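There are structures below to look over.
In the two assemblies presented below, chain A is common to both, partnered first by chain B and then by chain C.
On to the complex of A and B.
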């Protein structure tokens, strides 16, 4: 039995720059393991170990995802093996082409009980990949999962939603999108990195997974969100108690506090 | 030995010295792990940016064609800066480009390339791991500790840079004196390639390196530099720590002042600041090297104090390469003989002393003392500008010959002729 973690080797947002017009420039950002997906691997490791399943990482991207530094970074976090679809055609590919390839790889692996992913991507943050992947596989999708247990047959997932916590049990394969606070990934140690160097890596090209990427939507423009206009209230902080009182009344006046 | 070691050699730090040592040892079939605290080799590096690359070419004959270097330096500008004047020497030489002895580099690119070469040769590259301490058995270093994990090796190579906490924390190396270290402040400005080539008169992949002294450091011992990369300029200052403290200046203020100087402003104008930071730099010269071979441990590169500032050239990467070559030879010999004690590893020091590294460190042993001369950072630049001012500022007052002009300027400056002569002789001897 296999549990798959879909992960992203993506430009590090810490190195992205935001232009005055609100455009985000990732061109100078070096790729790294997405923080959300490091969390997904941590959850996957615990679940796979408990169920006696093997944990397979799958990623899709350009040339950089197949470099040893990328595969080792993923494997050292506890995956048993990785399948990497690396092709210039998939450089910064969007949700649909990536999900299409992931679905193909998952079907090709066989005996996959769960696909776990971070519930958002670190670059675009569209939160679309898990639902699209679930739709393509014809599997149920659970988003916002904060805790996950799996005994090899049935999975129990607790979803943290605005209304409260919803706990579900399911049997049969599913796509699970875990929230950022579902685990605290720890930095891999030297022994983890050493072990990573010995684990299997399968590299596939676009041709191996059905050729050219699926079509995707065209981005017409990007702009920064137009939040509410700032009121420009300045509070004098020389007297902290007075400043706190003034802040409270300003928040009440704005309806932020009742 | 109780346990069979995990590796023949553990190298700490994937800079120039570490990657080249790892590459050369892996090439000889030894098992090598190269541990780097940054997420990727080069990501933590803050080097200024000129690599004198002849030694590197002896390791990688195709270095200039294959490595991601920036520009081939065939013009060197040495400039004395005063508040509103400057006097410089512009030395351009096509022979330099032909020989290919100096290139500008951005270490995030070059270190990554070097680590790839080490990996291709069979070394295991382990980024994102910070070594916490050396493992010791008696006086012998037997491995490293990071987090909960320990790794053992026959030889550990400390290539962990200027602070070398690894050697210092193990009590093997003293904390450097403040007059042996300087603070390097560097900014990277992005400009269009065409703008850089027009502004500096460069063609193709050629580049220019400015060494500036005087008002750029506001009288603090040290100097400034401007190096041309492909699409960026590396602009920085190196300020001697003790003098910075003594003069009560803040490095950020001195750096802002430097950027505002009319000569520097004309070079960086319109550039987008994309990186800014500071780092310690060794300035102690030969005196600073001290012991670099221990039982089971050798120090290479900045960690071994190998930096040379001659005022005209600032060298570190070439010395690191030379040290790596010597260390790889010494380590391979020691492992082959089965003696990796300090005695067994002594061949490294012998190789190093005999190489250009040891010889140049010795030749320039007096440079640090000479460069502590206050007059270098103020009076002499002003003196030169004042002489030239008398020559060029033709305001219809009658001129004098050059010699009396110079004498007059010197007299006004308050510097004695004997002092000037003595400094001149010291300079010629030290540099």
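On to the complex of A and C.
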């Protein structure tokens, strides 16, 4: 039995620069795994170990996702093996083509009980991938999952929603999107770093998965949100009562409160 | 020589940084302020495999290459110099000589606990009358049947208050000078062996730096480390690797100060613009970055030579000499970039400045490194 974690190896937004006009420049940002995906692997590792399943990482992207340092970084977080679909055609591909390829890989793996993914991605944050992947696979999708248990047959998931906590059980394969607080990713230890290089890696090209995706819309520009300029008032919160008073008077001064 | 870190070295860097930022950095200021040994970090370091980096896998370590190890020391020191030297003394000074000079029995007995962090390691060479002149050891070891009886005193021993395993040097024969010195493994609970309270220091304030006393302390003859009379050689070979680790500690301290200076320069507004727009500040930042990079490359070079089994004593002495001075220069400039707040405890610049000062002293002062280096050219 396999549990799949879908992860993304993408330019680290922490290293992106935002120009004065609001343009975001990723050209000097080194690729990395987002905390969301590290969290998904952490959850996946616990669930797979408890169920005696093997944990397979799957990613789709440009050339950088197949670099040994990228696959080893993913494997050092606890995956048993990775399957990467790496092709310049998938560099910054959108949700639908990525999900289509992921679905194909998951079906090809066979005996997949669960696909776990982060709730959101570091680059676009559209939160679309798990639902689209579930739709393509024809599997149920649970989002906002904070705790997940799986005994090899049945899964129990608790979803934390604004309205409260919903606990569900399900059997059969499903796509699970875990929330950022579902686990605290631990830094890989030295033995994990060394073991990563010895684990299996499968690299597929676009040709192996049915060719390059159809062209999609392109991002023409990015800009700061329009609206009133920020006032840049910083309130010292050491003393909460004083901070609240200062906030109230700032809001009054701005005419937001009467 | 262009330097390209291997995948494993890059991953070691990112993993140790992630660990240090999560577990070490949050307590660094408090550990410094309260002169408190970060005891709770030891099991976490053990779990991460950071206490067994120089110990082969068969003895429970992670058996990393020296460059990965030095990268880890840099990353830990970037967050907390106290934690950096805790790992450095444990690894370079205690574990390394046992790995390289220990008998099979000694390795099986001592290395697994050092690798896991169940026991912390320390290295006792310096004495009140034998500092730079480390061969002037006055502590004695007298053979008595299956035992050696140790008498004497050590000073300034890193990890002293918390270590379970000590590599200690004592004079065991009448041979003059360095030839009479032997190395021994001493367990903490040995009767007659006591550890005195720690020194109060300028920097690396959380590090436990203590005197050790031997008053008819009997240790098994089986705990002789390496050949009798070859202890000084053990000490010098140990320091050849250790000095690279201290240089790496200096790089980490300087890097932290540099990053904070850059951040502050972008935020602090004077004369209507961030001070980073002033050429005076830009030049300081450029000099600091260049200085750190030069020191880091000397560390990488020394560690790489060691990893390839090449002689590295000269390279490690150069790395330590350079980084000792570099760390002091860079942390000094970082205070300057901060202006008045840099002189206060509100920012970490002053902590880095105090921490940096030790790099040019322990494991051989700057003057001793110059002696080591010049000997290689004036032979």
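One rule holds in what follows: the second predicted complex is superposed on the first by the 215 of 258 C-alpha atoms of A that agree within 3 Å, B and C clash if a C-alpha of one lies under 4 Å from a C-alpha of the other, contacts with A are read in each partner's own complex, and residues count from 1 in each chain.
Please note the rule applied: contacts are C-beta pairs under 8 Å (C-beta built on N, C-alpha and C of every residue); 3 or more make two chains touch, one makes a residue touch a chain.
If you're wondering where the values come from, they're calculated on a predicted model, not measured in any experiment.
On the superposed chain A, the two partners chain B and chain C do not both fit; they clash. Of the two partner chains, chain B is the only one touched by A:28; chain C is not.
When the two complexes are overlaid on their common chain A, residue A:194 makes contact with chain B and with chain C alike. In the overlay built on the shared chain, the residue A:105 is in contact with neither chain B nor chain C. In the superposed pair of complexes, A:69 makes contact with chain B and with chain C alike. Among the listed stretches 23-31, 203-211 or 275-283 of chain C, only 275-283 clashes with chain B once the two complexes are superposed.
Residue overlap on chain A between the chain B contacts of one complex and the chain C contacts of the other covers 32, 68-69, 73, 187-191, 193-194, 197. The part of chain A that touches chain C in the complex is made up of residues 32, 68-69, 72-73, 76, 187-194, 196-197. Across the interface of their complex, chain A is touched by residues 6, 33, 35, 39-40, 43, 108, 119, 124-129, 146-151, 274 of chain B.
Residues of chain A touching chain B in their complex: 12, 17, 28, 30, 32, 68-69, 73, 187-191, 193-194, 197. Contact residues of chain C toward chain A in the complex are 7-8, 10-12, 14-16, 18-19, 22, 47-50, 52-53, 62-64, 68, 72.
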